[in-house]
Each structure stands twice: as C-alpha cells, then as structure tokens.
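Here is the structure we will look at.
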Amino acid sequence: MAILKVEKVFKDFSGLQVLLDVNLEVVEGERHAIIGPNGAGKSTLFNLITGYYKPSQGRIFFNGRDITKRPIHKIARMGLSRSFQIINNFPMMTVYKNVRNAIISKFNRRFNWFSFLDRSEEIRRESDKILELIGMTDVRDVLASELSYGRQRQLELALTQARDPVLMMLDEPTAGLDVEETREFIQLIKQVTEGKTLVVVEHDMDVVFGLADRITVLNYGEILVTGTPDEIRDNEEVKKAYLGRK
Amino acid sequence: MMSEKYLNRGWGAAVALFVLFLPVIIPEIKVHLAIEILIFALFAISFNLVLGSLGMLPFGFAAFFGMGAYIAALMFNHIPGTPLAVILLAGAVSGLISAIFVGFFCVRLGGTYFALLTLAFQMFFFAVAMKWREVTNGDDGMGVIRPELYFPGLGKLSLMNINNLYYVTLFFVVLGILAAYLFSKTPLGNSATSMRENDERASFLGYNVFLTKLTVFSFAGLIAGLAGGLYVLFQEFVATTAIDASMSFTIVIMAIIGGTGRFFGPILGVIFFMIFQDWISDLTDNWWFFLGIVFIAVVLFLEGGLISLINLDRVRLWLSRQES
Amino acid sequence: MGIDIYLIQALHGLVYGMLIFMVASGLTLVFGMMGILNLAHASFYMLGAYFAYTVTVYLGNFWLSLIISPLIVGILGILTERFLLRPVHIKGHIAELLLTFGLFYVLGEAVRIIWGSNPLPVPVPGILKGDIPFFEMTYPIYRLFILCFSVFILVGMLILLMKTRIGILIRAATSDTDMVDALGTNVPVLFMGVFGGGAALAAVAGVVAAPFLSVFPGMGLDVLLDCFVVIVIGGFGSMFGAFVAALMIGELQSFGVLWIPRFAMVFQFMLMAIVLIIRPTGLFGEVE
C-alpha cells in the first residue's frame, strides 16, 4: 500500500523549473532514500510534500487523501513529520521544552483550556519518554542553542519523532556529522523508525546503501529511476548523473 | 528553595497590602494618579500579551483601547441605568471584535509590516472617530457622568468619591490582569511562546500558527477594551486622544521601559512613566522629550527594561548563602 | 465641471505624489539595503522643512536652505546610523524598529521645544510666486516647480543608481550585502553613506514641501503614514513600486478630497488593506 504518492508534480519558481513530472510512490513501512546531485530538487520535493510549497501542477496523496493544497499544520497533524537540513529548533528553550512543544501540539486536538492542568503530568511523561528514546535525557535542561552540533541533530530527530508520526521525512539528517557520529546516528534512526515509514534525503552513499529498501534518484528536477540499492548501484544513467556532470 | 518561596510571598503580600490600603496611605491628590496607573497597567499588560508572548510589536494598539472607551462612553450616555459591569464588558467585547478584525489582516505578516499595519488600522479608526461627528463628536469628545453603583441590601456607592472609584477600578484591573495571567499559562499561551521562537517549526509540529496568533491578539484586544472602558469612567470624558497615534506610542514606550520579558515588567514601566510625568512636568513642559531619551537609552542599553534590574539570580545567591 | 477641474486635481495629485515619492524612495532604499524601516526618516523630512523655515526667515534666502538643510540632516543621518543603529542591529529587528521609533519620537518633541507647536509659514520664494494660466484656469507656479524639481531629483537618482559605480554598488548591496562585503567594499561606510544620503533627500523634500504644506510638529507622522502606505502598496524595497504607488496615493487623495472630502483620509488605508489581502508583498515587491 502506498502511504505516499506523488503524482505528476511540477514546480517552478517564477519561471525557473525546479521539478518536472515527478512521480513517486512510497510503500508503507519501507525505508526510501532520495538521492541526487546538488540542486536536483530534493529539498524542494520535501517542501512540496510537507506543504511548505504548493505544486504548480500535479497532486500529492498521503494515506490515500489528497494533501496537495493542505496547510502545513494540517499535514503534520495527519502524521507526516519532517526534519530539517539546517538546524531548525527553538534555540532559547531547553531540550525538554523543545520536545514538550511537539508533545503539547499532539494533545492540542482535544483542546480545552482547563484540561492542561490534568494533562501536564501526561505531557511531562511523554516528553521524557521521547528524550529517553533519542538518548537526550542527560541534556534535558540545556538550552538548544548551547548544544553541540551533533546533539542538535539529535534534537532535530527528537522533534520529528515526538508526535509519533506514521511517515517520517528526514532531510539530510547526518549533514555535518563525522564518520563515527554518522554511524551512530544511522543506528539511532533505524531504531526510532522501527515500524514506521521513512523517507530520507541523503548525500552519504554508504548511509543510503546501508539504510534504504528502495532508492529514488533525482537529477535536474526529474526522476531518473527508482529501484533497490542493487539496481541503482549498477545503473548507467545514475553513474553518469553523478560522475559525468560538467 | 524554601526561603525563595517565602520571599516571593512576602513581596506579594506587601504589594497587596499597599495596593489595598493605598487611599489611606497616600494623599488624596495622588489617588487620581494611582487610578491612572492601574488603568494603564492593565492596558500595558494586554499590549505585552502580543509583544511579550508572541514577539510581535503592534504600533497601533490604541485602536482597541479606544474602541472600548468609545463604546463604554456611548453606553453610559445613551443607555443610562446599565450596570457598570455590563458596560465594561461591552467595552471589552468591542476591543475583542476590533482586534479580530485588525488581527485577521495583520497577524500573518512579519515584524515590520505587522507593526506599521496595525498603526494604519488604528489611524483608520481614528479617522472614523474624528469624522463621524454625529456619533463621536469628533475631537471635541463626549462627556460621561460616573454612575452610582447599587448593591442590593448594602446601598449606594457614588463613584464621584475618588476612593470608591479607586476600589472599583482596582477590582476590575485585578480581574483583567488575572485573566491575562491565566491566559498566558494555558496551552495556547504556551504555544504562543514557541511560535515566538520559531513559528516555522511550530507549524511543522502541527500548530495552526495563524489561528493561535489571532487568538492571542484578539484576547489582548479584549483586555485593552476593558482598560479603555475604565479609562472613560475615570476621565469622565472620551475624545480622539483615546484612539490616536500618541496613545499607541505611549503604551509602547511604557511597556518597553518596564520590560517585556516578564509578565509584570510593563507595570513597572507604567509606574515609572506616570511618576516621571507627575514629577518632571512640574519642572518643565518638555518632559515628553526627556522620556523619549529614557526610552532610547533603554532600547540601547537595557533591553530587558527596568524589571531586568531586579535580578532574581542575585537574590537566589544571597538566599542560598543565608541558608548555609 | 469642466475638464480643467479634473486636470487641475490630477496635477495636484501628481505634485503631492512626487513629493511623497521623494521621501518614500529613501525609505524603501534603506529598507531594501539594510532591512530597517527607519521611522525617523519622516523626522528627517520634518527637520528639512523646519530648517528651511529658519534659514528663510533668518537669512532671508529660501534657496540657501536647499543646501543647508540637507547638509545638516545628512550629517545627522550619518551620525544616527553610526552611533544609534549599528549597536542595535545585533539585537534584532524589533529593537531596531523601536530605536527608530524612539528617534522619531524624540525628534518630534525636540522640534516642538525649539520651534514651538504652532504651524510656521514659509513664504514661497519671490520668483515662484503667483499663478500661470492653465487652460481656462490658473495653476500655482510653485507647485509646478515642485513637480519639475522632483522629476529632476528622480532623474538624478536614476542616473546615480543605474550609471555610476556607487549606484551599482548600492544596488548590489541591496541584493546581497555579504557578497558586496566579500568583494572588498567597505560595507559600513556604504551603509552610512546611503543612510545619510537618504536623510538628506528626505530633508530636500521637506524644504521643497515647506511653502506648500504647512510646517508643524505633526507633519512627520502624516508623511510617515503616507510613505508607509506607499511602500506597502508598491512593495517593500521596490523603487519602481514606490513610484507607482506614490502617484496612485497622490491622485487618490486629490480626487478623494474633491469627491468625498469627509473620508479622504480613509481611502488610502482601505486601498492598502485591499492590496495586502490580494497581494501581500505589494504590487512590485519581491517574495522574501
């Protein structure tokens, strides 16, 4: 069952064509990587799916429902969450409060001004649970802006995970991490996304081949090919795209 | 720490006692000043709901204060006999409705746009107040007679007595400030703070940023409208000065000088402003100028405002030393 | 009503529109380049007018004020940028806005202290007094002068921005300050210069406006609001947008006053609200 379906999507910005006829299906439960040279349009695709941009043409479906024109917060509430390539947290709040923001949002649906007093224990428990899951309990009360880069990336993951999403989209989660940190982080991602669907944009080929069930290659805004890691590894066009660019 | 809690309670009790017995403690002339401080404290708190929690600066906030004032005045004059509480409620609600209207257009926009667009809307309200003479009497304004309050079984209370007016104002101001305080502690109030930090991330976490900002803004308008109603009661008069740019600017100045980072900061600014005005205006007519200088100095050198001078950490340090 | 009434009103609108553009252009340029909406810009305009009064009345020569006013105000602008704006820049947009607001406020009060609260009359200089025949009516010469003068300034600015090195630098800095910095330009000096230049331009507009509108402490706020409406409609940072919008506002006020005087004040705000609903970035503004 396709949990995410991108259908004939085009995106242009004032005439600059960034995405052309993108068709993509993500199977429920799979780990799907999107790769491609710089400028291929990967982040734009992310932004389109999560509602930050609207496609110029085409449609996007999540869990069978048309989310093409839905606002960001509604898509997030449906269980689709994303992380950011550039750290995007609440810098002047503690790690705990950062995560709590996500948890509070989760409970917001049954919004009742006075229920907060009852729920605060639940919120605290949930927040601490997420911190434990991601392994950030030791920095619970540290300001987000004071964390090391590696830990900030962890916080990015925590924020994405906190609402217990059905589909997680990670935009270059290991950007800027060294080899050791990357390895550990990928382990964490595997743990955390157990039983969920994962779409990840990555540059690190080792990561991609070690993590993904299927890979989609994007080049100059167009889908080159989608396939298993083995298929992609041997694909001539892919090699050309990565190595043969002038 | 135990001592800190007792210290806080001690402070709170002292302030409460002072405020309750104020008319007895200070000379009668100064009670007028105290009432004005109360009203503007409420106004400043409502302003800070927008600036402090949302991190957005509305340059035209007097629109809602003025609306409350005018609606209250019209009710005082045209529907005599209405209970005071109802009139003040009407003032508050008119503030709420106008804030929903203005907020709808302004709230999606960022810092500078928001700041000046709210000013433009306020000037629009001002223009209407100025030109619609049949209703508002333009810049000549309308007089209002303070009503008598009837308490069944207890008798009459004349608001012409300044001490009575003080206590009635105090009652409603405390109510308003309490409402604002509780509001800031609700989940909505909390989400406003996270939006101030990073509204983009907040929306990706599932927050409806527009609706949250609009709600906070509108609630602030509600409280400002209440302050406007109390203002009319106090002044016995309303004119376009209640809804003009000067009034908008005044509240910005008060709140910033006091400090917008903490809930009670703006109140300090109001106190400073009023006392400064009371004191310096005896010395020179140009006290506004010196106030402006103080304002610039605060922006340049004391971002947290006057309240940041009350350094809680030093108090904690001192307390922890006492305990050991 | 004959055609000439409409023409006269249209001309009035054009004159006022050009005047507003002179002030708004400096404002939008500074915003585009430095990201600050300088509220005190309107104060520079006001100071220009007040200095014109003083120079005209005490030195007997209006034309001298066209040199003295912008000079003084330009220096004031440079000092403002260097000593007030720069330290506050790091503290964020709100602090910057508050600072320019504080300055606007203080300058307004200073003017009140020095010159008093009453409106001051600045006489139209001798050669420009009177009217000239215009179709079947007459039109004040001074207003035509304002029109010609502002066109002259506009052309001058265009040449400066498009053809000179400084102009290219300024336009580059508006698009990408970091790049310009990396290429070796002394960005702080450039900022000071542009800010001071903008202030001087506002002052020139003030001088020219002084015999035409009245000189009073509230003139800063009036022009600030008009400028803001212009910039919102035209689009923040867009010169061309400011030009088009300024003319629109000029005509709107002119004909508004003619047809429905009671609500003339209100029209431009309604127009602004409409533009904001339909196209939040203004007619020619760029999406950030």
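Each chain gets a letter, A, B and C, in the order it is written, and its residues are counted from 1.
FYI, a contact is a pair of C-beta atoms (placed from the backbone, for glycine too) under 8 Å apart; a residue touches a chain by one contact, two chains touch by 3 or more.
Not measured: the values here are computed from a predicted model.
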item	value
Distance in touch steps, counted as few as possible, from subunit A out to subunit C	2
A-B against B-C, pair bridged by the larger set of C-beta contacts	B-C
Centre distance in Å when subunit A and subunit C are each reduced to the mean of their C-alpha atoms	48
Inter-chain centre distance, subunit A versus subunit B - centres from mean C-alpha coordinates, in Å	43
Intercentroid distance (Cα basis), subunit C paired with subunit B, Å	34
Residue ranges of subunit C in contact with subunit B within the complex	37, 84, 87-88, 91, 93-95, 97-99, 101-103, 105-106, 109-110, 112-113, 221, 225, 228-229, 232, 236, 262-263, 265-266, 269-270, 272-273, 276-277, 280
Subunit B residues within the subunit C interface of the complex	51, 55, 57, 59, 105, 108-109, 111-113, 115-117, 119-121, 123-124, 127-128, 130-131, 245, 249, 252-253, 256, 286, 288-289, 292-293, 295-296, 299-300, 303
Contacting residues of subunit A [partner subunit B, same complex]	50, 71-73, 76-77, 81-82, 84, 88-93, 101-102, 104-108, 111, 113, 116, 159, 162-163
Residues of subunit B that touch subunit A when the two form their complex	185-188, 190-191, 194, 197-198, 200-209
